[in-house]
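Each of the next two complexes has subunit A plus one other chain: subunit B in the first, subunit C in the second.
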Partner chain A sequence: MRILRHREALLGLAILVLLVIVAARFPAFIRPASLVNVLNDTSPLILLAIGQMIVILTKCIDLSVAASLALCGMVAALLNGAGVPLPLVLLASVILGGALGAVNGLLVWKLAIPSIVVTLGTMTIYRGSIFLMTNGAWVNAHQMTDSFKAFPRTILLGLPVMSWIALAAIAFFAIVLTRTPLGRAFYAVGGNPHAAVYTGLDVGRTQFWAFVISGALAGLTGYLWVARFAVAYVDVARGFELDVVAACVIGGIAIAGGAGTIFGAVLGALFLGVIKNALPVVGISPFWQMAISGSAIVLAVVFNAAQRRQKGRIILKQVDAP
Partner chain B sequence: MPPVLSLRGISKSFPGVKALQDVQLDLYQGQVTALIGENGAGKSTIVKVLTGIYQPDAGTITLDGKSVRFPTAQSATRAGVTAIHQETVLFDELSVAENIWLGHAPRTRLGLLDWRSIREGARRLLAEIGSDLDPDQRLGDLGIASKHLVAIARALSTDARVVILDEPTAALSHKEIHELYDLVETLKAKGKAILFISHKFDEIYHIADRYTVFRDGQFVGEGAISDVTEGQLVHMMVGRSVDQIFPSRARNIGDPVLTVAGYNHPTEFADIGFTLHRGEILGFYGLVGAGRSELMQALFGITRPSKGAVRIGADIRVIRSTHDAIAAGIVYVPEDRGKQGAIRALPIFQNITLPSLSRTSRAGFLRLAREFKLARDYTQRLDLRAAALDQELGLLSGGNQQKVVIAKWLAMRPRVIILDEPTKGIDIGSKAAVHEFMAELAAEGLAVIMVSSEIPEVLGMSDRVIVMREGRIIDEVTGERMTPETLVRAAAGISEAA
Partner chain C sequence: MSILKKTLVSAALATAMLAQAASAQDVKIALVVKALGIGFFEAAAKGAEEAAAELGGVEIIYTGPTSTTAEGQIEVINALIAQGVNAIAISANDPDAVAPALKRAMDRGITVISWDSGVAKEGRQMHLNPSSSALIGNTIIKLAADHMPDGGDVAILSATSTSTNQNIWIDEATKVLPNYPGINLVATVYGDDLADKSYREAQGLMATYPDLKAIIAPTTVGILAASQAVTDAGKIGEINVTGLGLPSEMAGAVESGATISFAIWNPIDLGYAATMISYNLLKGNATAAPGASIPMGRIGAAVLDDNNEAAMSDPFTYDASNIEEFKSIF
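Now for the complex of A and B:
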């Protein structure tokens, strides 16, 4: 645990260094308003990374998050168009997202299909459903009510609502992961599924709840995304699931399950968010952005592997000691 | 006739354990030598020395009169020593021919794989051992017996002089075993020197020409199998070697706690019935594969029996899941600690409290202070010296990990605790601590089931011993009859008179 904390400190430091480098050329980038903008811009990634990290903890992966986001966003836009009040639209997005996650979870739990296959399939199905629902038509800004579009941008105590939602989700799931039996089960099931069975935990059921959480967060983000950009169409957030997984990997979530913290995932998302927002300011082309994000992922994996070797040495020392 | 392979004065120690002390072993051309010994006698260590996996601390290996060393597994294979293990080390996704030739496949002049020679060579080698397996078949589609054939064909492809069969029949059906006997005859006829490791006496008498007996890492005797009776072999195996000290305890056996009646499983066990009392340690002895662990897993709800009932105290219970078992007060410390017991990435205290969380949390929230207290109480009872309870479990030694797994279940305050090979693979110090602790638990009125393959442990700790063979209870041994010979005879299926 101490090493993990150390790791998060290191990632935090990397983000600071990044900010300092950018600020050296463009001091305006680290003005509070600009940083708030970075946080707000990264909020969808943070929300999805929290869900993804829980799924990865249980030794699974959810590739369908971006498609769920797009589907829930479209449904939110259509409900809005049909005159449903905003609180109900929000509720419907979250519930629909949770249901989509439950489909993934049930397939993984009851049919014991590997999650990468299940979610690769549902990813396509969920995106396809958007097309079936709309025939490929877009829902544009003028078809959305003002309150629908304004809610995520409303400023409360200096921060937009979307940022507050991300912060609330971080706090809520930090408590779930560290202070509830379900949170403990996520770690136990991913750390050693066999031992979890022998301890009386239901591995499949635990994985199911991880998928429900991931789906519900994707549903919530779906509304926020569509409202913020004021447009809904089939290809919303296409490929975004890879950014989400990348944020988790950079954040030190063990891809083999059972290890990692929510703050790691959030910092991983912020790291990507800072790169995405800062590099255009410095005048670096989007292709370099991709290369830098990619290098960060590889570095994170190398770092993880190095850490594991170090642990081996600690074990040897303890065995030698009398 | 001089032996093909001869070992003299071989010793091998591990920290705290003398696995082999000054042992000898001779293997002769065209003969089968059976290596006999209890668990822990050093059989698998000598196989590893022979195949270059372990380096002996002292002693010589002589092959065809020349002194040799096997610094690596490849060097042993090159010298002509091949082992066929219980679970053959082959590749399911490759074809039969590829498995036979992997690593030394015939090449064309251009250095590419010569597929025609590979297939024809495989067919020829298989034909030599009387098999018409298709060289192109995927290995994973074959049964275990056929996989043995492939492993043996592979041994022939490297011109092995010495073939080691390490409990090859453990997972075979009756018919397959007889096919294996024929195969051994073929290998004998080809002049191979064969080392045959088995626990089953009927097998040894069926195919072995010679025997060598080890006990506690020492050489006890050897000779022609025709000159020795089963009784003499059993005596050599168990000897008078029980000098390990077990805690003395007052027998204080109370009312029945657990009654199992008519327990059946479609494939693993049948007609199981026994009663366990308060304060009792009930030993389960048997050979590997006798169905003991499978029975315990069913009692703990990991698998479901097809028939049968369990009575806990006065209630009849049906155990369908681990949850039911835990609710009934039955807990199980599994045999394979690394795989089934420990969650190495979780801190020690979280490993201990994992099944007890409903007791330590309040209103659905975990109370870390209570978890620490519970973990501290039970680790102190087990005399666990860990730097800190929030340390990752994986950083502890095997013996200490075992203590944590036991602590986890004691913290549930069970009525019945099942310990499956509780001291397997842990150091002598931890072993004594676990034994001490089992005695204490029984004294406090807990009912203990101990599955163990170590005869001294079974006899030293148990009030009663149930012996299983081939999925059935075949004997219940108490009082005067609790001797090593009774257990070995019952487990191996030798009648008392022999």
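Now for the complex of A and C:
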């Protein structure tokens, strides 16, 4: 636990260093308004990273998050077009997202198919469903009501609602993960599945709930995304699942499961968010942008591996000693 | 030689038969589209009807498969051959797959041209492009410059850094830049045709260049995302977002004022021009050969290049005056 905390401090430091480097080239980037903008822009990534982190804790992975996001976003836009009031649209997106997650969860739980295969399949199915629903047509700004588009960007106490939702989700899931039996079960199931069974935990059922949470968060983000960019189409958030997994990896969530904190995932998302928002203003050639994002991920993984190796050595030394 | 003779004879016979039939009824021009039920092509059909009314004695057969497949189009072409149409103007789903069927049609004396989406050279007499790279490059700069009487900074928000079409258009735009004194292209950035990345790049442009007067996005995702970013930043009226977009998608941006005008081909003109060309070719008013000039009615004349291809016109400009009419079309 101490090592993990150490790691989060390091990641926080890395974000600060990054901000300083960017500020040296473009001082306006660290103005409060600009930083609020970065937080707001990173909110969808934070929300999905929380869900993904819980799934990864249980030794699974959810590659269908971006597709669920796109499908729920499209359904939200279509419901809005049909005249459904906003609270119901929000509720419907979350429930649909949860249901899509439940499909993943059930396949992993009842049929014991590896999650990477299940979600790779459902990813394509969910995106395909958008095409079937719309025939590839877009839902555009003028087809959405003003309240639908205004909700995520309404400013409350200096922050847009979308940022508040992300902050609320961080607080809520921080409590769930550390203070509730279900939260502890996620760690137990991923940390040592056999031991978890002996303590009376149902591994499959716990994984199922992780997928439902991930799906519901993707559903909520789907509405936020579509309302923010005021457009819904088949390719919304294409490739975003990789950013989400990257945020978790950078945040020190163990891909093998059972280790990692919500603040790690959030910091990982913020780290990527700062890079994504800084690259356009520091005037780096677009040909380098991808290479820089990629290098950050590889560095984080190398750092992860180095840290875990050290941890292993300590255990071996203790075994050797007596 | 004998094959050619045979072809010529059969062509002449067919023409004679068709001419006889035509005296009784109209000249039949088939407008074959990628698939039925697509707004863009419905609009093209409207243009074809307009040309038919102008010419007189022309019957337009608007047809196509129910889904965008080459197989479907081949069936449609075979049916049209059996029906004895005088001309086929096609927007092909596959340039090569439909060529043999179209060749068969030409062998029977049917005039065949392609438009919008081309057919391989041996499968058509000529191809009509909606526009040309040079015309598009010029148009996107002009769209921005028209609303900047005092000149100023403009930036381009493109698709990916490897998108062939966009790169050619940007190249052409850079070439004509000296014709617009005072217009200063400060940056070209890439939104990868992703809404979120394009939005961030537009935000970055606004932060980096405080005097920016226009963002030019020659891609549908980019122009939408940039107009949303400008709207959210409260810079409507300061920064004009323009480029290439679809009326149905851009209606909101034009309404809010983030976009004053944008351009894309006009499908009505395209259907009109394709019909005019087919008519003039089958009536022998023009021949499809490199360098030839084929009249297109009110649009002007199509001048063929070495590949028997021609560009119709500048992309059509959409603004508050016509967006209502076109937003339901495509």
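Throughout what follows, the second predicted complex is superposed on the first by the 312 of 322 C-alpha atoms of A that agree within 3 Å, B and C clash if a C-alpha of one lies under 4 Å from a C-alpha of the other, contacts with A are read in each partner's own complex, and residues count from 1 in each chain.
Convention: contacts are C-beta pairs under 8 Å (C-beta built on N, C-alpha and C of every residue); 3 or more make two chains touch, one makes a residue touch a chain.
Since we're looking at a predicted model, the values are computed, not measured.
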Three-chain arrangement built on subunit A, subunit B and subunit C clash or fit: fit
Subunit B versus subunit C as contact partner of A:N37, first or second or both or neither: second
Subunit B versus subunit C as contact partner of A:K276, first or second or both or neither: second
Touching partner for A:A28 - first (subunit B), second (subunit C), both, neither: second
Subunit B versus subunit C as contact partner of A:A99, first or second or both or neither: neither
Superposed model, angle subtended at subunit A by subunit C and subunit B (C-alpha, nearest 10 degrees): 130
First, second, both or neither for A:A259, with subunit B first and subunit C second: first
Touching partner for A:A174 - first (subunit B), second (subunit C), both, neither: neither
First (subunit B), second (subunit C), both or neither touched by A:H194: first
First (subunit B), second (subunit C), both or neither touched by A:R184: first
Subunit B versus subunit C - smallest C-alpha distance in the overlay, whole Å: 37
Set intersection of subunit A contacts, subunit C complex versus subunit B complex: none
Complex contacts: residues of subunit A adjacent to subunit B: 1, 178-181, 183-184, 187-188, 191-192, 194-202, 254, 258-259, 311, 314-315, 318-319
Subunit C-touching residues of subunit A, taken from the complex the two chains share: 26, 28-29, 34, 37, 41, 44, 138, 140-143, 153, 225, 229-231, 235-240, 276-277, 279-281, 283, 286-287
Residue numbers on subunit B that touch subunit A, as the complex places them: 300, 302, 321-323, 325-326, 332, 334, 336, 339-347, 350, 354-355, 357-358, 361, 364-366, 390, 392, 394-397, 408
Complex contacts: residues of subunit C adjacent to subunit A: 161, 187, 189-190, 193-197, 199-201, 203-205, 207-208, 224-225, 228, 232, 248-253, 255-256, 327
